[in-house]
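One chain, chain A, links the two complexes that follow: it is found with chain B in the first and with chain C in the second.
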Partner chain A sequence: MDVTITKTENKTIVTLVGRLDTTNADKFQQDIAPLFEEANPDIELDCTDMDYTSSQGLRIFLMLQKSVSSKGGSMVMSNMKPQVKEIFDITGFSNIIRIL
Partner chain B sequence: MNRIKNSFSKRLSLNILLITSVLIMLMLGIVSLFSYRIIENEAQQSARNLLHSTIYQIQSVFTAVEEDVKCASWLVDENREDPDYMYEVTRKLADIPGIVGSAVAFKPYHFEGKYYYSPYSFRNEETGNIEDKQLGNQKYDYFFMDWYQIPFLLGEPCWSEPYFDEGGGDYMMTTYSYPMKDDEGQIYAIITADVSLKRITELLESIKPYPNSYVNLVSRSGKFVSFGKDNALMGRTIFSTAIESGNKDIYAMARDMMDGNDGIVTVRREGKKYFRVYGSLSNKWSMFISCSYFDILFRAIRMQTILTIVGIFFLALLFLICYSVIRKMTQPLTEFSESAISIAGGNFNTALPEIKSEDEIGQLKDSFDHMQKSIREYIHNLKNTTQEKERLESELNIASKIQMAMLSKKFPNSENIELHAILRPAKQVGGDLYDFFIYDKHILYFTVGDVSGKGVPASLIMAITRAFFRFVANMDVEPDKIVSRLNYALSDENDSGMFVTLFVGRLDLSTGELSYCNAGHNPVVLNGKFLDVKPNLAVGLINDFKFELQRCLISKGDKLLLYTDGITEAERTDFTQFGEERLLAWVNSLPEDTDSSTACHDLYDEVKKFTDGNEQNDDITIMTIKYK
Partner chain C sequence: MMNKRFDPIEGRNAEIIESVMNTAEVSSLPEDLQFKIRLCVEEVEENILCYSGSKWVEVTVAIVDGMLHICFKDGGIEFDPLAKPDPDINAPIEMRQVGGLGIFICKQMMDSLNYHFENDCNVFEMCKKIQ
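Let's look at the complex of A and B:
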């Protein structure tokens, strides 16, 4: 999973490329660690090229969202591929995470 | 081990030997070159000195004769009118050592009536007495003899060419002729002194500065007086031999010598090199000494040979000393090698060789010592770590057994229900769970769940979830209540963000009424089709989430399949997932009468076949239910 963090004027765009599975979930958590410290909390996760996420990935997205919410910001995930969206749907995560 | 074919000490010693040999040879070469020059110069100088001293000696013989004759000339002059007195003079001269005969030869008719008058005295070799005789007569017309004619014509004393005395010995003679002049300057008599060259020849032959050197005395005209070792020279001149030799240097020397000069010439002839020093006497005779370079350098060569032999001896000694010293110095290396083998063999406490020197070997010892300690520590740590790991693994094994023991294995197989389940964790302990029990003989509660993540943390949540399910379901409540309570319990202070996806079902075995609640779990398959399930939300995330209960009626013969995402997301190495389509295809390919247990294992095998040896990266749980 390759992570690119781009800061714009009013939000942070995080581009996610590849698979997020058990082998790289810990690395991914480290990669996005700065986002938990972010003062400007609005985040958009661009999932255009994300192929898969495991349940550990879901947990990390959820924790990020909790962190963002606690600072009064919002987190959205955009351009999700159908097979990834399905994972969010099955687990009910699409009920608690904003997916555009 | 014994791969040392050419030991270090031997190689180093040989190298030192080689370098030293080259240096010594170079030194010997330079020394010989200089010593050759010095020896050559010294030889030439000493030959020159010898030549001059010899010339002086011979000169003195001639000078003495000249002086004697001069003295005699006074007597002749005073008594020139007394013919008989002349015998007194000749006797006196003949009696002088070195002079073998003497004559006073008067011009014709100096004394009245005497055409010839030449009293002659000589030493009789046999008796040793001096005898007299009158020389001139018809047969011996002395006026035409060289010894008379030449000084007479020149008007001054001179030495004759060497000659063999008729009937004389093996030695040559020469005659000193002294002209007597009257008051008008007219020559009236010639005084002669015959001198034997025997002593001179012997003297010259005795002069041998080197074994092969020789001395030649040549007369004014170049005739050989002494022959050195070569009697063939008798009667020949230096010019004839020089021309015969065809050697320019020899001829040039002969010319120079005859001109009365001193000098030295180096000659190569017939592969031999020699030099000649030459000089002249006052009577225009000349002399040269010939010395062979072989003789001169013989000593140097002998010296060099001795030096070489001694050098070789000392080099051999040097080699032995070097070899033994280096061997002694590198002995610790051999011992280190043995220690290393011993250490490699597992004897980490092997004693190292004692080194006290503060050099590279000492440094090696320190490094070796350090290495030994490090290895000891490392092995110690490794042992501890391994023990710790084994302890952990055995604990994990125990945990695994406990976890597996939590799962019901008493699968119901009665006249109206048949249920089977398997759970294969990816690690020793896992986060998947299943459970079931029959309440009041006709209500089947069943659940399949998946805790996010794997391993020990997941297994703890799994244990809690299973226990809680059993606890709540035993109160005979609908699945949505069970899920809600579970959610409430797990959400409380869930800082780790862990969650559980869960499917909980309640089947009334007498009526076929199925009520269920899905908490973010994979949809259940009923008779080869996905059951209509609301996703709701995985439990443990939002404590007041409203979970929706769903109901349906199933008929006898219907089959339910529950599973975790370990099935649908099982992957090949190319990340292709098993997926829902393959799952449904498998279900539909299954024969109608397949029992639950066989179905479980068959699906597991199907997935394994699909992943084709790729490592299982998620826990797998399968539960099959057949309503009869």
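Let's look at the complex of A and C:
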């Protein structure tokens, strides 16, 4: 999973490319660690090229959403592929993470 | 049909998944089905690594009467992943637990899951209708 974090004036865009699984979940968590430090998070995770996530990835997305929510911030995941979206749907994550 | 023993299993998650995905039984399936199988194999593997403590796993892949069977046998401590309660997927975010989703995903994506403990081994089988 390749992660690119781009900060604009008011928003943080995170581009996710590739597969997120048990082999790279720890590295992914390190890569997005700065997002947990944002004081007023407004984060968009661009999932256009995210091909796959296992429950290890879901765990990290949930931790991030909890962090953002606790600060009254905003987080969305955009352009998710249907197969990936299905994983979020069947686990109820679509109800707790905003998906555009 | 594949019947392969991985010993040791530590650090070989990707190899085990690819061994299953490269079998004739799985590689010939539609892409969306392969996606689900890959995900479920990964979740079961992760579960074995986290909870059974086994140093080895034996993986069998076969098609019987239009059903794909993937069976995992390991020599770890007795652990029935199906005995764990399902996560409450309708709980608000404050109540959602981080983790516990792997086997739940398998339950949703496979047609049947079965666990038993025999001859000091955990045996976990998942089946998916393919025809």
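In this text, the second predicted complex is superposed on the first by the 99 of 100 C-alpha atoms of A that agree within 3 Å, B and C clash if a C-alpha of one lies under 4 Å from a C-alpha of the other, contacts with A are read in each partner's own complex, and residues count from 1 in each chain.
Here is the rule we use: a contact is a pair of C-beta atoms (placed from the backbone, for glycine too) under 8 Å apart; a residue touches a chain by one contact, two chains touch by 3 or more.
Note that this is a predicted model, so its numbers are computed, not measured.
Novice: Who does A:R59 touch here: chain B (first), chain C (second), both, or neither?
Specialist: The answer is both, since A:R59 touches chain B and chain C.
Novice: Thinking of the overlay built on chain A, is A:F36 touched by chain B (first), by chain C (second), by both, or by neither?
Specialist: A:F36: touches no partner chain.
Novice: First (chain B), second (chain C), both or neither: which does A:S69 touch?
Specialist: After superposing on A, A:S69 lies in contact with chain C but is clear of chain B.
Novice: In the overlay, answer first, second, both or neither for which of chain B and chain C A:I90 touches.
Specialist: In the superposition, A:I90 contacts both chain B and chain C.
Novice: Take the contacts of chain A with chain B and those with chain C, and give the residues found in both.
Specialist: 21-23, 52, 54-56, 58-59, 62-63, 66, 90-92, 95-96.
Novice: Which bits of chain B are touching chain A when the two form their complex?
Specialist: Within the complex, chain B contacts chain A at residues 450, 452-454, 497-499, 501, 519-523, 535-538, 541-542, 565, 569, 575, 577, 617-618.
Novice: Can you list the chain A residues touching chain C in their complex?
Specialist: 21-23, 52, 54-56, 58-59, 62-63, 65-66, 69, 83, 87, 90-92, 95-96
Novice: Applying the document's contact rule, which stretches of chain A touch chain B when the two form their complex?
Specialist: Per the touch definition, chain A meets chain B at residues 19, 21-23, 51-52, 54-56, 58-60, 62-63, 66, 89-96.
Novice: Taking the touch rule as given, give the residues of chain C at its contact with chain A in the complex, in rising order.
Specialist: 13-14, 32, 35, 38-39, 42-43, 45-46, 87, 89-94, 96, 98-99, 101-102, 104-105, 108-109
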